[in-house]
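Labels A, B, C, D, E and F are assigned to the chains in the order they are written; within every chain, residues are numbered from 1.
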Amino acid sequence: MSVPEFSHLDAEGTARMVDVGAKPVQRRLAIAAGFVECAPATVQALRDKALPKGDVLTVARIAAIQAAKRTDELIPLCHGLPLDKVDVDFEVRDDGVAIRATSSTSAKTGVEMEALTAVSVAALTIYDMCKAVDKGMIIGGIQVIEKIKE
Amino acid sequence: MSVPEFSHLDAEGTARMVDVGAKPVQRRLAIAAGFVECAPATVQALRDKALPKGDVLTVARIAAIQAAKRTDELIPLCHGLPLDKVDVDFEVRDDGVAIRATSSTSAKTGVEMEALTAVSVAALTIYDMCKAVDKGMIIGGIQVIEKIKE
Amino acid sequence: MSVPEFSHLDAEGTARMVDVGAKPVQRRLAIAAGFVECAPATVQALRDKALPKGDVLTVARIAAIQAAKRTDELIPLCHGLPLDKVDVDFEVRDDGVAIRATSSTSAKTGVEMEALTAVSVAALTIYDMCKAVDKGMIIGGIQVIEKIKE
Amino acid sequence: MSVPEFSHLDAEGTARMVDVGAKPVQRRLAIAAGFVECAPATVQALRDKALPKGDVLTVARIAAIQAAKRTDELIPLCHGLPLDKVDVDFEVRDDGVAIRATSSTSAKTGVEMEALTAVSVAALTIYDMCKAVDKGMIIGGIQVIEKIKE
Amino acid sequence: MSVPEFSHLDAEGTARMVDVGAKPVQRRLAIAAGFVECAPATVQALRDKALPKGDVLTVARIAAIQAAKRTDELIPLCHGLPLDKVDVDFEVRDDGVAIRATSSTSAKTGVEMEALTAVSVAALTIYDMCKAVDKGMIIGGIQVIEKIKE
Amino acid sequence: MSVPEFSHLDAEGTARMVDVGAKPVQRRLAIAAGFVECAPATVQALRDKALPKGDVLTVARIAAIQAAKRTDELIPLCHGLPLDKVDVDFEVRDDGVAIRATSSTSAKTGVEMEALTAVSVAALTIYDMCKAVDKGMIIGGIQVIEKIKE
């Protein structure tokens, strides 16, 4: 059985940036998801007070887009990518807020870290705005849903 | 029963920064936790190839510390805080990597968003370094464990 | 008549940061204003399509708050300040959008550049979101309205 | 009559980044202008003390170039662009300082926000350096003068 | 003889931020120096073409001040400090440009990394502006000259 | 004899960004070197306590890679470049630590400032982590070793 290889580690285990110089520029897209688990009363308060105006989700969306654009500043071995689009959507459920982010680029390397960063920062921003109301929120389920290269 | 209030929303539901001008400077500390769930083979590969040298966790720790210092750039309604310390620790378990971050400050407002940001970016950095090996990782369990004010 | 002195220039005309080391920490507040002049049809379209949901102004507010926190990165001779609050409000008039930003701090130096930066970036963000509709917008009237020190 | 469409808003009025994935890379250039209105005594003091050495305008030019390169960090729904050039020029008139900025790129989307950001930050930097001398300055006339795509 | 201790490493050799929570706020100042060694013809060209207008050194000074304010973003284990002042001076000698930077703060930890960062970025900026003329420049002598705490 | 020309200065000596709009995209690589001179006891302590775990050099490498990606934020007249790779290596000698950084891109302009920035920030980070042990370190020998364009 072949041993999996960590692309960011060389033979001695030293962390390295991957050289993407020889890779072709391709259209790439990634979708990531995540969830902020809240108390039912928090969801109710969101629905009553925060969602009619919509600012909580708009602020989270903007924070997510801005963070996605700075992914290579946050994650040390990521390359800078010119993002064609970042899309962030929310679904308020009875037990929390589901987040879905899509990022796309034309670049030499994949764009899933940008989608995951968008989801993570959207979740942190929702947490920040609800933390006076709910001390027990849990952010989870952050994962890549789809990754496309053409 | 009193209705919970979102501190970041005014009476019309508009997002606002909280005014901390009248709050006293206090020593504050927060601990947050999170988990990167990996396939057992990924944990095995980490133990065989990545952990002896240790770079994967060191890179994640550095990314986490740097992100914590920039929390107010990432989360729109957060205040800038002079962090006294950010500490990030990892425990490699059979099903993934547990992350724990502690942040402390002497400031007018709490420091839990810094600890949560540190955990989130540590998790994203581990994800980034393992993603060539494991496409199914899930980041979760991001929550505040403790919050102290004195 | 005394000659006015530029605090950022030394005797030879060389640009310098002002030394605030000996100045006391004081509560400081500044209010700045500005205006994005639009065509009446743009204001009408804003009222019909953009303002019911409110996202245009929320995005501008968030951009303004985030920029205010980074004023010392944008304006070379500004000192970093721990902002207690940044507030940004809008009034949609028949000929455009009036912006007002308030910033406050407890620091050794004034906070008007933060308020002016918030207004400027709010105006640029409104411009960005309306520019497909209106090519002739003009940003103006950016000025300090009030400055308080106690 | 057709209704103007806000490119950054979807059908529900939610703020969105425009998807530029399908747009061709083109040479693009934009010119923006603005003005810092000062008291005549301020202009006189600038001419006597600040302009011989020239630092005030050089600092403003550098701040403008650096801000233009970070436009996508400041304006939430802007795309990152690889700028080929940013040029900033000043004309000191009897009633203030006129600013003109040119930005150019080879990219999928226009570059006028970069030129407008350069002008805005140049104006703020001039304001900062003259504010000890003149409390009544007004920044205005910030607009796009020309936009070219080839 | 006592063994020197690395303050940023714990007993296992893991990199850590130092906890400054219990340290008193003190006035602190540091002076650092450095040198950009150039060919004599480069110094001559600087004197003939660049120094009369002075822009090369002004750009380097501004870059240095801005970098000093961001030292904690560049150097992972540094704390953020509210800088009271950053001063950067140059002396053009026959074999290059000598740089001296002074940084001061009222904070819980020393400010020499800010002075060293200012010198380093000033040197890099001079290098950048002279590199079309001189391919053999060497940056060196970057060191702390003085460190004061009161 | 032809007079050398500063590419960043126009005929009046005003600092300018070079226009790279008409230049072709080419594969470009640069290698830079530098040295942190330490006391022999510091090198001995590094070998005994810091190098077995390796964190000091890993932290310096990560800081260097992250700084290289932000070169255009640090050096005012530099263009933003999409880096294909940044590589940083260290050699611990009896009198200090030698640093070598390689940066590569496919872009319209050279990549040596990125390599020099990586070396400078690696050196500053080593300095920061050893400064409690050694007050007399000197950073020097920062220069371009090789520059390739194809």
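A few comments on the model shown:
The rule is simple: a contact is a pair of C-beta atoms (placed from the backbone, for glycine too) under 8 Å apart; a residue touches a chain by one contact, two chains touch by 3 or more.
All values derive from a computational prediction rather than experimental measurement.
Centroid distances built from C-alpha atoms place E farthest away from chain A. Matching residue numbers shows that B-E is the pair in D-E, B-E or A-C whose interface repeats B-C, with more than half of the contact pairs in common.
Each chain gets one centre point, the mean of its Cα atoms, and the points for chain C and chain D are 14 Å apart.
Spacing of chain B relative to chain D, judged by their CA centroids, is 36 angstrom.
Inter-chain centre distance (chain C to chain E, centres taken as mean C-alpha positions): 31 Å. Shared interface positions of chain D, defined as residues touching 2 or more other chains, are 14-15, 53-55, 58-59, 62-63, 66, 76-77, 80, 82.
The part of chain D that touches chain E in the complex is made up of residues 53-55, 58-59, 62-63, 66. Against chain E, the residues of chain C that register as touching in their complex are 14-21, 72-73, 76-77, 79-82, 107-108.
Those residues of chain B whose C-beta lies close enough to touch chain A in the complex are 3-9, 12-15, 34, 41-42, 45, 48-50, 52-56, 58-59, 62-63, 66-67, 74-78, 112-113, 116-117, 120-121, 123-125, 127-144. On the side of chain F, the complex with chain A involves touching residues 27, 58, 61-62, 65-66, 69-70, 80, 82-87, 104-106.
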